[in-house]
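Please find the structures below.
Look for chain A in each of the two complexes below; its partner is chain B in the first and chain C in the second.
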Partner chain A sequence: MKKVRKFDAVPKLNGSYKFLDDYTRPNLLYGGFLYAKFHHGKLKQIKFPKKFSKDEFTIVSYKDILGENIVPEPENDQPFLVEQEVMHYGQIILGIAHPNKKKLKQFIDNIEVEYEEMPAITDIEECLSDENNVFGRVLEIKHPAEIGNTSHLIHTKRIYRTPHQEQAYLETQAMLAEYDKEKKEIFVLGTMQCPFFVKSALDAIFGDTIHNSVVETSEGIGGGFGGKEDFPNIIAGITALLAYKSGRPVKTVLDREDDIQITTKRHPSRVEVESYTDPITHKIRKLNIDYRLDAGAFQTLSPVVLSRGVLHASSGYAVEDCYIKGRLFRSNTPSNGAFRGFGAPQALFAIESHIDNVAAQLGIDPYTLRKKNILKIGKEFPTSQPIIENHLEDCLEKVIEISDYHEKYREYKQWNLEHKVKKGIGLSLGLHGGGYTGNGEKILNSKIKLVIEKNADINIYVANTDMGQGAHTTLAQMVDEAIEHPHNKTRVVIPNTNKAPNSGPTVASRTIYIVGNMLRNLIKEVKKELGFDNLETYVKAHQADFPREFRSLFKPDPQAIFDDETYKGVAYKDYSWAACVVEITYDPTTYEINLEKCWNVLDIGETVNPEIARGQVEGGVVQALGWGLSEFFYKKGFGRKQGFTDYTMLTSRDIPELNIEFIHTDNPIPKGLGEIPMDYPAPALRNAFLNATGVGIDEIPLTPEKIFANLEEK
Partner chain B sequence: MKFYKPKNLTELFQISEKIAGKKYFLAGGTDINVQIKKKMITDEPIIYINHLEELQGIRETDESIIIGSLCSYQELLNSPLIAKYLPFFRASLVNFASPLLQTMATIGGNIANGSPTADVTPLLLVLDAQIILMAKSKMRHIPLRDFFTGYKQFNLKKNEIIGGVQITKNAETGYKTFYKKVGSRKALTIAKVALAGLKNSEEYKLAVGSLNEYPRRLSKIEEYLASTNTPESVKLEELLKQEITPISDMRSDKDYRFQVCLNLLLEFIQI
Partner chain C sequence: MKLEFILNDKAVSLEVDPMKRLLDILREDFGLTGTKESCGEGECGACTVLLDGKPVTSCLVNAVHAENKQVVTSEGIAQKPLGKLLIACFDETNAVQCGFCFPGFLVSSYYYLKNDGEPNLEKIKTALSGNICRCTGYQKIFDSVMMACHRKQEQEK
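Let's look at the complex of A and B:
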């Protein structure tokens, strides 16, 4: 546990680090897409502009696909290219390439698409309130208990809504593809989170036509946040098809506007929570949750988001009688996809807001209600997974203490009676299961490789990418610290599917937690096997043995069993825990919320690199507060946003003072970190507004317009 | 799209005269470049002017401050003259856009773009700014409030350009001042509602942005406030309905915009 500067900090600051658009090739073509500008309809005719010579352009349609026109996903239902029926705005119809970028754009802009319009669902509420739109598997978690007569219990039933969210990575989606005719090999270089996903997409789109596909990431990856989990598959597939057909290298870089319009977003949600609470003991006795996600036109990876959503839906509370149902709803909008939190932020927004609504109904403070119902040793999750530590409660107590919550809670009540501008303080709990859900890690079966070179450098070969989050610095640090090797002699080699074994995707807060722990264990085994104290001395003395390669496989915990049919058992072996307090002021003149302070206490286990860990929490919290306060993508009557002019994320001026503390850092395992800071802050903000005004709004973002409309209604 | 770069003002007018149809004068480019990208401008000729020294700088006369139309927001913020004579104006500029845009965006461009949401215009309106219009051999001054005639429509003669803005040195002196811009966040945001106001014991000056087809003074409310010591909110609301025409769009809702404007007005009255 020490501060190590990110290896990419200096080259990023001096501009020498290469992102995808910095790469070029001789004879390069630029790739672009013709995508649907309507929501649902049958294609009738595509008219190319006469003022261009069509022969100059390489054009691929679904007919050029040599393998299958299906993008590999947890649910294989999305085509790479439209065949007859367009299912959503932004669905790609053609891939087109040309040596001149400007000409390519003009050509695409002037193509006319004739179609027969069909009815479309584009409104979130319309999508999520109509049960006829349900598709895919319905998930249920059942934890029944006989609680007897409920007539003396306090009944609370509310519906909570959350909007889309744009990942807003700095570097837009981009791919460069080359085809080697001799070797029958496709090579793709790109900005992505999951090189092996992209490889499987290439294998799907080419079938047996090619002998091999190789995927490598660009040196720098300008952010992902989940947005580069599955969408790169489509761009890579079509770009590679263009390279194959033209026989020339093709580079596709999405414009920001296209990126925003056609790529995946966070799923909008509608979550109904119904609870029965004992007015004397303050125990929540019964909880029913109906968790709904707008998946967009295709399911793609939404079933997995749904799964994580239902598994986090009861948050950090133990309820005797609990029933959770999760469903996906279809709409004619681009498929929603992975985004930091992966279903958990929506789930936690609902339940953590609900807790405050119940507390208000009971006339008690939100801390007390949380404390009475918190998960601790002796309790269990709705899947019957037992709780083995009281760390969530420790987070709660610590955040209460450092934020001076009780004192402020009292003080602001008085203040608000006497002042126009109100003050509010809100609380929330958070939890996030590290790694793939259930048996996911077992099935993934990750593999890693280390090479100790002749000069005692350690090269780490994994498929996990560093997209700015600092993963490669931290992974290298875990290896060198385990054997006290100099940090500058350890590095992660840029992920390449021909060189690195498949250590799984860079998702699910699993990189440090799963892959990092595997690397640390492997290097420790190597040390034991070779019997060295100092690796450099050892390598010098045994030059003939090096370079030498070491590999290992993921070893699942035989005790951690999850039944995917019944949703019973250990959903996640290790949970990270968090508690949060948000303090706001509210100005009734403009209906604006001002973010003042935000306290975060987290248990993520060992913090390998405390500065990087802190950076992850800061980024996640800001992203979550933006989602809660100002970000929305769709407005009824006005459609979807087109760019950053209207899509308003927080700027440095809007960010509150952040306080971050890690507890239980003596845990020998670093647990999941990347996502949890995105999960919990939005409901704390919402609860702070309730505390300031007495008005509980069950929908985010809390824009001044929404606050005004809610107050008018009341 | 033809692109011109005149050597000086004389050449600018020569080029401009020769172009019969619509043309654009490119200063900082923070609006025009976006409009080109969005294909709102496609074939019209562009005349680049940002290098013309005649339209730059901030200077003083005995009674006034003259701001060249190519003066950027950063220059306004850094100007000792502005800080000395127009501190309220300066303080109100601080939160405009972002440092990047402040460096490029010009005061003349902000006015010429004619956006209903232009940040600087309500402020200039309450400061009774004059706009300096220049032609080949003539120059005239008109009050800025008479410059706008409709959505992106101006009281501008053929081949006239905006040369600058003139504000009297005592424009703020003796007044209580008020400026509030409500956006979707604190910086780098387009105004949803903006209200600027000056008042002293005799008169009120009020201007709004983002609430009409172009930024303008609320003259009926100004007159009413000057005529009474006990303004009634019912009357204010009634007058405001005559003065502003807010709309609902992606950014905001018309009812919200109206109510916030009224709330700000009441706040201004109480200062």
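Let's look at the complex of A and C:
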């Protein structure tokens, strides 16, 4: 563990690092999309504006697709381009390209789409409360126990709701595609998380027409957060079709409005939690959770989000009798997709808010109820996976201590009796399973490659991208630290599907945890095999052997078995743990919450680069607090958000003082980090509001309008 | 129109549509791609440049408004002593994540450092409130600017 600076910080600051829109090509066309501005309907006619000569434009519809009009996803149900029926607002009908950006926009803006309107579901509540609206597999986790008569137990049943959240990466989605006629090869350069996903999308849309597709990422990737996990498949596919048809390079860069209208968001949720708690022992004896997600018009990767959601639904609590059910619901809004946390933030918002509601009903403090029910050695998850460490409890105790929780809890009660502006303190626990769920990593079967060059430089070839999380710095650091090699002689080569083996997608908090550990083990094996002490000296003495390539494969743990049918077994081999305290002030005259402080204690195992790790937590926590406080995308009566003017994220004026501590960093394994900071802060904020006002609002964001409406009701 | 202005301390001129955005002129005509477009509507600050010494969002400035003025982009600031100081501080704290917002932050913090420079958290927050960052949660950006303010004070002693 040493302080290593990011290799890309200075070039990003002085403007020399290239993001996708900073690349150009001779003879370039600009790409754009015509997308539906209605929710559901049959296409009747597309009328092109007369004042433009249509021949100047390259236009592709579904008819130009040479392979299949289906985007490869866990559930293959989404077309690249609309055929007859538009299923959601923002669904792409045509890809269009032209050498002049301005003209392209004017042309697209003036196309008229005639359609026959069909009934649509656009309201989240309407979508999630109608049981006829379910699609896809229903997931169930059953952990039954005979607990006898429940009549003396405290019964609590509430419904928790969360909205869409826009990833709002600062660099919008963008792709540049070229077609090499001679080689019959498509090349795509893009801002993305998963180059091999994009490659499979190209292979799907072109079928046998092309011999090869190559995908590479731009130098800089301006944020992803899950938003660049699967949607780039569509942009790349259509942009590549335009390049194929026109015979010229095509660059598509979405403007902010289009990006917000058509790309994936965080799934809105409705989670019903019902619990039976013993009023004497404060043990939660029975828990029923009905976890529902609005998937949008197509399932795409939602089944996987649902899976992670149900597996995190009981949070850090051991309950004897537990039943969790998860379902996807259909609506006529864009497919919801991956967003940091991947179903866990919705799950934790519900259960962590519920714990505070139960505590209020019992008349005890929220800490005590958590402490009484927390997961520890001897207990198990609802999947029967045994708990092997008490680190969650350690996080809880530590956050209570550093935030001075007990003292403030007492003090604020008194303060609130005497003051108009209220103070509140809220608590939450968090957990996040690292890597793909269940047997996912086994199936992914990741591969990695290292090349030791003649000058003893180590080039790392993986498909995992650095979208700002510092992965390439950290991966290189793991390799050079393992053999005490100079850091400036180790680097990750920009991911390219022709050069790097498939080490899996850059998702699921798996880059350092899975790929980093694989790299570290590989270089250690190399050291053993070659028998060197100092790689530079060794390479100098054995010049003829270099450059030399080394590869390895993911080795699954044979003990970690998960049954995907029954949802029993080890869902995630290693969990990261967290506890959080949020302090707020609340002004009843403006209905406004001010974020004051946020205390975070996390166990993510080894922190390879503590400053990078801290940055991840800071960023995730602020995203989560924004989701709790102000962010939402679509709501009946409000309409759709159009851009950054009406989509309100936290700015430097809104953020609280952040306090972050890592514990149990002596663990030799760095566990998942990227997502957990997004999972737990929103309920702590919501619980702080309950603590300040005595009013528990079971829905976020806690905008002044929502607070006002809830107070009126009460 | 024929547009003349001073770009990063050099006199430049070009033939341009008077309604073309300064942002596009910088990126397309001068190849200065450090200035980024993110929202295109003056909300995020990714496209911030100095116009006659003051920060403006270049996505909202048309060519005509740059006529005969001084324009300084992040590339220009990176060459100035205070710009270098800021870059060193952002680098040391490992503040930069995706980096898309950072050229804009560099311009805004340079303006603050140059014209005020007091190591005062509230003032720094206000100076940076026109810039959105989705990755960092702002904390390390504040830490870096604070560090630069302290260093500048020390240098001036």
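One rule holds for everything that comes next: the second predicted complex is superposed on the first by the 714 of 714 C-alpha atoms of A that agree within 3 Å, B and C clash if a C-alpha of one lies under 4 Å from a C-alpha of the other, contacts with A are read in each partner's own complex, and residues count from 1 in each chain.
The rule is simple: a residue touches a chain if its C-beta (ideal position, glycine included) is under 8 Å from a C-beta of that chain, and two chains touch if they have at least 3 such contacts.
Worth saying up front: this structure is predicted, and the values here are computed from it rather than measured.
Novice: If you stack the two complexes on chain A, which partner ends up touching A:592: first (chain B), second (chain C), both, or neither?
Specialist: Only chain B; A:592 stays clear of chain C.
Novice: Just checking: does A:47 make contact with chain B only, chain C only, both, or neither of them? Give me first, second, both or neither.
Specialist: Touch status of A:47: no partner.
Novice: Who does A:653 touch here: chain B (first), chain C (second), both, or neither?
Specialist: both
Novice: Would you sort A:37 into first (chain B), second (chain C), both or neither based on which partner it touches?
Specialist: neither
Novice: Which of the two partners, first being chain B and second being chain C, lies in contact with A:157: first, second, both, or neither?
Specialist: Once the two structures are laid over each other on A, A:157 reaches no partner at all.
Novice: Which chain, chain B or chain C, ends up touching more residues of chain A in the combined arrangement?
Specialist: On the superposition, C touches more of the residues of chain A.
Novice: One more residue to check, A:137. First (chain B), second (chain C), both or neither?
Specialist: neither
Novice: Quick one: classify A:712 as touching chain B (first), chain C (second), both or neither.
Specialist: A:712 sits against chain B, while chain C stays out of touch.
Novice: Contacts for A:704 in the overlay, against chain B (first) and chain C (second): which applies, first, second, both or neither?
Specialist: Once the two structures are laid over each other on A, A:704 reaches chain B alone.
Novice: Give one of first, second, both or neither to describe whether A:635 is in contact with chain B, with chain C, with both, or with none.
Specialist: Touch status of A:635: first partner only.
Novice: By the touch definition above, which chain A residues appear in both interfaces, chain B in one complex and chain C in the other?
Specialist: Shared contact residues on chain A: 645, 649, 651-653.
Novice: So in the complex, which bits of chain C are touching chain A?
Specialist: Residue positions touching the partner: 27, 32-41, 43-44, 46, 73-75, 78, 87, 90-103, 106, 125-126, 128-129, 131-142.
Novice: For chain B, which residues are in contact with chain A within the complex?
Specialist: 95, 98, 180, 182, 184-190, 193, 248-253, 255-256, 259-260, 263-264, 267
Novice: Under the definition above, what is the set of chain A residues touching chain C in their complex?
Specialist: Touch list, chain A to chain C: 5-6, 8-10, 12-19, 21-22, 167-172, 220-223, 225, 255-257, 467-470, 609, 611-612, 614-615, 618-623, 643-645, 649, 651-653, 655, 658.
Novice: Mind pulling up the chain A residues that touch chain B in the complex?
Specialist: Residues of chain A touching chain B: 588-592, 630, 635, 637-639, 641, 645-646, 648-654, 703-705, 708-709, 712.
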